[in-house]
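What follows is a set of structures to go through.
Across the two complexes that follow, chain A remains constant while its partner is chain B and subsequently chain C.
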Partner chain A sequence: MANLQNKIKEFFGKILNVIKTFFWNVRRFFINIKKRIGDFLDKHNINFVSNFPNWAKALLYLSPALIVLAVFTFWPIINAFALVVYENYNMTTETVTGYTIFGNFITVLTDESFIVPASHTGSSAVINTLIIVFISVPISVLLALFISAALNSIKPLKSFFQTIYFLPYVTNTIAIGLVFAYMFRTDGGLVNQFLSLFGVNVDGLSWVESGAVYWRSMFVLIFYSIWSTLAFKIMVFLSSIQSIDKQYYQAAAIDATSRNRIFTKITIPLISPMIFYILVTSVIGAFKIYNSIVALFGVSGAPAGVDYNLQSIVMYIYQFIDGSNAGNLSVAAAGSLILFAIILVLTLVQMQVSKKRVHY
Partner chain B sequence: MNKQLFEKSNKVERYTLFIDFLAIAAYITLFLVLFKMLLLPDVIDGSMDLDNLQFMEPTYQFLGRTLYKEGINTIISLTIAFMLIGIPMFFINLKKVKNRTIYEVDSYVAGSKFFQGIINLLSFNPISCGLRIYNMFILVKFVKGYNAKEFFKSIWPAVKAYFKKLFTKKAKESTGGLDEYSVSIKKSIRRQSVTTVLRMLFTYIFLVFMAFIIIIPFYWMIITSLKDFSGATSATPEFFINISRMNWVNYKVVLTELNFGLYIRNTVIVALFSTAGTVLTTVLAAYAFARIEFRGRELLFSILIMTMMIPGELYIITNFITVSKNGFGWVGMPSGENNYFVAMIIPFVTSISYIFFLRQSFKQVPESLYKAARVDGCSDFKFLMRIMVPIASPTIFTITILNVFSSWNAYIWPRIITGVGGQEGQAYWLISNALRDTAFVLDNGRVMYNLQIAASTLVTVPLLIVFFMFRKYIMNGIGRSGTKG
Partner chain C sequence: MELRLENLTKIFTNKTGIETTAVSNLDITIESGTLVGLLGPSGCGKSTTLFMIAGLEKPTSGKIFFGDDDVTKLAPEKRGIGLVFQNYALYPHMTVFNNILFPLENLDVPKAEAFKKVKEMANLVGIGELLDRKPSQLSGGQQQRVAIARALIKKPRVLLLDEPLSNLDARLRLQMREEIKRIQRETGITTIFVTHDQEEAMSISDKMVVLDFGVKQQYATPQSMYTDPGNLFVGQFLGNPPINTFEASIKKGYLMINDKKFVKINVPDGLYDIGMRPENFRAEKEGFDVDIKEIYHVGRDTMVHFDFNGQNIRALVDSDDISSKDKVVHLSIKESRIYLFDKETGKVVNHG
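Right, the complex of A and B next:
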């Protein structure tokens, strides 16, 4: 019996061996052919595979990204300058009535909802955006600095708090914006409930609904933008505080330096490049605010039944793509070029300052 | 070190995990069956009678019993709670059982087994509980060498000794009758420790307060999504709701009647394809920028970096022309000839910032490795696939997750693309624009806040789940990308 089993095993092993050798031979055959062709080409100096120039190789690797970038990134930049000189450009028929150099810029700059507010609106896109930038950015940067310093000084529960503070980064702006609008409701909103605990008369105190005063709805918007941008700043500050050399703190501890002094004389100066980086990026981000406004106030950019508007520069631009003034893309291009100019100036300032990298 | 006992404990742990897995599968099936059973209001004139949603008193037949609204809500809430506890516990234990070495086992491990067993018991899983407690006895024997009987005997003396130690320590501190100098030093030490404690207290109060502000919208969102209409719009909203009054039917209405199932499917399609494209193109491009030397590399790269400053609105204007009728003709065509998915995916299959991010981590691979591979006859592509991608895989993974997040949150481009199509485009909405543009208003003018917030929760919860699964990658990625800036 055992003999038979062994024989069967041997038989199958032989068959397997034959198949294996066959495939190995086939493989060796092809490798041989490849090698011979390569040798032949090398001998006659026409082997373009081994002489493949680096630029061609690079082109091969870059082409998928570059084709997409060329169509959807470089072409729009060029085309924006073309669009700006058209007068009354019509998208569907691709016709223009004439050409102008500054006409579209003048249209944007003199628009009563862009810079200088009309008497009946009370606010304009640039004023709204500047208010958001100059209030939300300093507050959120300071708050993020304090929180990350506090996080760095504790040990238990540190990663727990870190996780919680990171949550707003991974949420959908529109979804949480709707929740904020719900929390700031007039009747039975969570915030009004909270205020009524302190004896505030919340009857008809509206934040985002009809009848809200400008500063109240602006407060909600700024609060939401701080809430949603805090996570990234805390993360960056915390990682840069943790990368500071511990020797500085040990030296300060030997000299019995007070906590405040350590914070202002060691921590802040050493992470100053990062603070500046965050400051500039968040100013740029605040200039581009759009989703939060849409989430809180809808596409119109204002609570129902009020005479002001909370639209930002980006919202002003988008209204020419889809909105009340849809179709006039030249004006939109002019507006976005103005926004680009603002961002360019801010970035150049950042580059100049970060080049020096003065710590002390 | 008794190796046999350790292996026995691991074996028991594996059996426990298997039982846990069965229990989780049971919870999930139970949840799905019950969720499918939930009755929706009747359809009148082609649309659901949502007005009637909170007044319905449906009865369900389940396992031969008659369940009312409260009963089925309670069971669904419990299964979800069990899943929330059970699934993370399962994966954490799975990871531990794979990686644990004999040196890491101490009495804390045995204690944690006991607590996990109690949790198992609370989630109606007595078999896992029994196995875990059995495992605890094995571990106790492994660590201390006690039998079960000896172990029970040893508990009371240990507790007594602990409290004794606590009190004697205090007594020692109070008796400090030394000379003046050391008394003054002791006083200053005490003063310092008091200020330290106060400072820590203030730090924690500050952190807890800020964490509260961060967490409250999430809590309020989840609570509101489970209320009925009158609960969501009442003038004095409740902060806690009983599990029997959690209206899980809200989610069913949002998924079916308000079409959020379709919108989530659309978003997943767009996110998958654009992420796959992004990873492919960025890996290839980043490799070219990091390793291949060609003329004009730095120039090309700095041009790419410069375009990062340009605001997205500038692109969107022209891209809209490009994809519409006079360009590629993906949208804005007569109905039936539109290609909304292509228009939403193709512009986002590459990203300059990710190329930049990935190039940084490719550059950290030493040049000598590349040279050695070249000497051994490894081609560039093989080197990229066999060495670069595995080394940089955490970065690539971070890029994948961040890209999925950004396509999940995309709002303005899908809105413009689907807005052109009118009624037809509405079937291609992604979740963000569906959230904003779906009218949660009934014919009689009532705003269904609970359904709106339930839709928000449906959009937020997947993100949170992915975040908690890959927390380390995401948070490290953000920290590093910020630092490199």
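Right, the complex of A and C next:
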């Protein structure tokens, strides 16, 4: 028996050895190629990179990223600034009837359902977006803080819980959205079934379907966006909490510091740079909310048969590109720049506030 | 506050079940108001011992007494200790004032009294004018003082210092040594500090404990430990330049070196490890003749290298007694400065 075991061990040892040798040789092969290229360049005195000045070298190394950024980020930004001054820009013929500085901005700003709610509803794109930003971001940041602090302090099943909280991050937004829509169904939806356990009359209590009132579908949307953005925040907070020097906690323990005080006086200040980072990025992210709404309510941005709309600023912009008002790129550009301005101002405000509260 | 360790043992078990004994059956009684150094090479369990006294590590077995109270099972905050960490662990986001105040905020202390205490403590450790600074704006020595002030502010029964001087540069180290000694004298708090630097331990402790692999080697005053090392390890660990050790045998009551009678010693015949400190040699007219291998003049003293039983030996002698042209030196050493250690146990045979 022991003999057989040894033989099996020996056999697998041999196989492992063959594999190791193979990769060793692969490595040798590449080292050889590298050496030959080097020798070739030396022989013919080709050392073009080393003759470059430092800034040129840096530019060369950055070029792959810069090219991608230029094509997909910088050029569109420049284009947006260009588009916004065109009057009646026609995409297919590439013609304009004239130029205007504020015309497109005025079109957007005075448009029904951008800032001013359309007469028959109580909602507009800006109002919807602001509600989502100012409710979902604070709640999700606070929630993520408490969950990550709790995750950090539990010992058993730690990695299990970490995985659970991390799952939303690796799951497709649209897929989760559909699951949410299913959970919040009027007839037999999980949420309504749960509520009926407590004697709530769920007959016709709709959340995301026709008959849902504004605040109910907004609740689902906010709930959903909190949940889907929680994972990343928890991950960032947890890793920054874990990187805090244990000695601070030992010192606090010796001084009989209560749990609450440890959390508010030591943990929070020490991870405040990360909290600030998360706050800024999630405000920006929430302002750009788009796929969550599509996932829950479809491209119309509203439950069927209701007189309000849950569309966000980005959705409003998108309708000028590929929607009910397709092709009106100048107006879309104006909307984008307004969104950009809002985000810029808010971020500057946050940075100003953070100067007093964040400890680097 | 007298501090007593009884049979204190700490065994760490890693994931694969391998056990490492960090501290083994430590029995020490530290008298009230003394400054005791825990000394040993790195990995000897001195910091583990300190953390067990602090309550941050749980002993595997054994007991810890503060006076008559058994504190072995007590949580750190209930023991009444002050701990200064090796890297000080000052809260980086708080000012010096708030750092020192922090322990008091957890207690039921009136605000005015707490503020007064912080100012007093800051003046005691000599940082009275730095209270508005953040720790990052302080030098290492100043941070050290803040850490000590924070540890002392709640009037602990025992003050613990973990490698207090290791993060400081050489000059500050000398200064802080004296400071720690002074602060300890002024407050009269029983203090234990951990260090791997023998010179540091010898210069400030009232008594010191030498540990090796978690086992107590000797517990005595620095000077008596230096002049009467309990075993070979202590002998080798203390002293700079280090003690010379070599094998030699005793034949008919004589210590034999280089096949010659060196000195008469009253121990049983046999093979021993011999220890002689370089500075205990004297170069005289009459003495034991050895051939000089190398000779280095370092001002007042001269370092002579020669062989005893095939081992390279260093002797530090007065420069007046030797010249660089000398080929042979006549050496003598007091019999009480020759240490014979048992080959098996390492225990000193002719002392104590």
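The criterion applied here is as follows: the second predicted complex is superposed on the first by the 277 of 360 C-alpha atoms of A that agree within 3 Å, B and C clash if a C-alpha of one lies under 4 Å from a C-alpha of the other, contacts with A are read in each partner's own complex, and residues count from 1 in each chain.
Definition applied: a contact is a pair of C-beta atoms (placed from the backbone, for glycine too) under 8 Å apart; a residue touches a chain by one contact, two chains touch by 3 or more.
Just so we're clear, the structure is a prediction, and the values are computed from it rather than from any experiment.
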Exercise. Is the arrangement of chain B and chain C around the shared chain A a clash or a fit after superposition?
Worked result: fit
For this session: Tell me which partner A:219 touches in the superposition: chain B (first), chain C (second), both or neither.
Result: neither
For this session: Look at A:298 in the shared chain and tell me whether it touches chain B only, chain C only, both, or neither; answer first, second, both or neither.
Result: first
For this session: With the two complexes superposed on chain A, say which partner A:154 touches: chain B (first), chain C (second), both, or neither.
Result: first
Exercise. So, A:263: does it touch chain B (first), chain C (second), both, or neither?
Worked result: neither
Exercise. Residues of chain A touched: more by chain B or chain C?
Worked result: B
Exercise. A:276 contacts which: chain B (first), chain C (second), both, neither?
Worked result: neither
Exercise. Now for A:105: first (chain B), second (chain C), both, or neither, which partner does it touch?
Worked result: neither
For this session: Could you grab the smallest C-alpha gap between chain B and chain C in the overlay, to the nearest Å?
Result: 5
Problem set entry | Residues on chain A lying within both footprints (that of chain B and that of chain C) | none
Seminar exercise, completed: Per the touch rule, the chain A residues reaching chain C in their complex are 245, 247-248, 250-258, 261, 265-266, 269-270, 272, 359
Exercise. Along chain C, where are the residues that touch chain A in the complex?
Worked result: 54-56, 75-78, 81-83, 85, 87, 89, 91-94, 102-103, 105-107, 150, 154
Problem set entry | Of chain A, residues touching chain B in the complex | 54-55, 57-58, 61-62, 64-66, 68-69, 71-77, 79-80, 83, 91-92, 94, 143, 146-147, 150-151, 153-154, 157, 161-176, 178-180, 182-183, 187-188, 190, 193, 227, 230, 232, 235-236, 238-240, 243, 259, 274, 277-278, 281, 288, 290-291, 294-295, 298-299, 314, 317-318, 321-322, 329, 332-333, 335-337, 339-340, 343-344, 347
For this session: Could you pull out which chain B residues touch chain A in their complex?
Result: 199-200, 203-204, 206-207, 210-211, 213-218, 220-221, 224, 233-237, 280-282, 284-285, 287-289, 292-295, 297, 304, 307, 309-322, 324-326, 332, 346-347, 349-350, 352, 355, 380, 405, 408-409, 411-412, 415-416, 419, 431-433, 435-436, 449, 452-453, 455-457, 459-460, 463-464, 466-467, 471, 474-475, 478-480, 482-483, 485
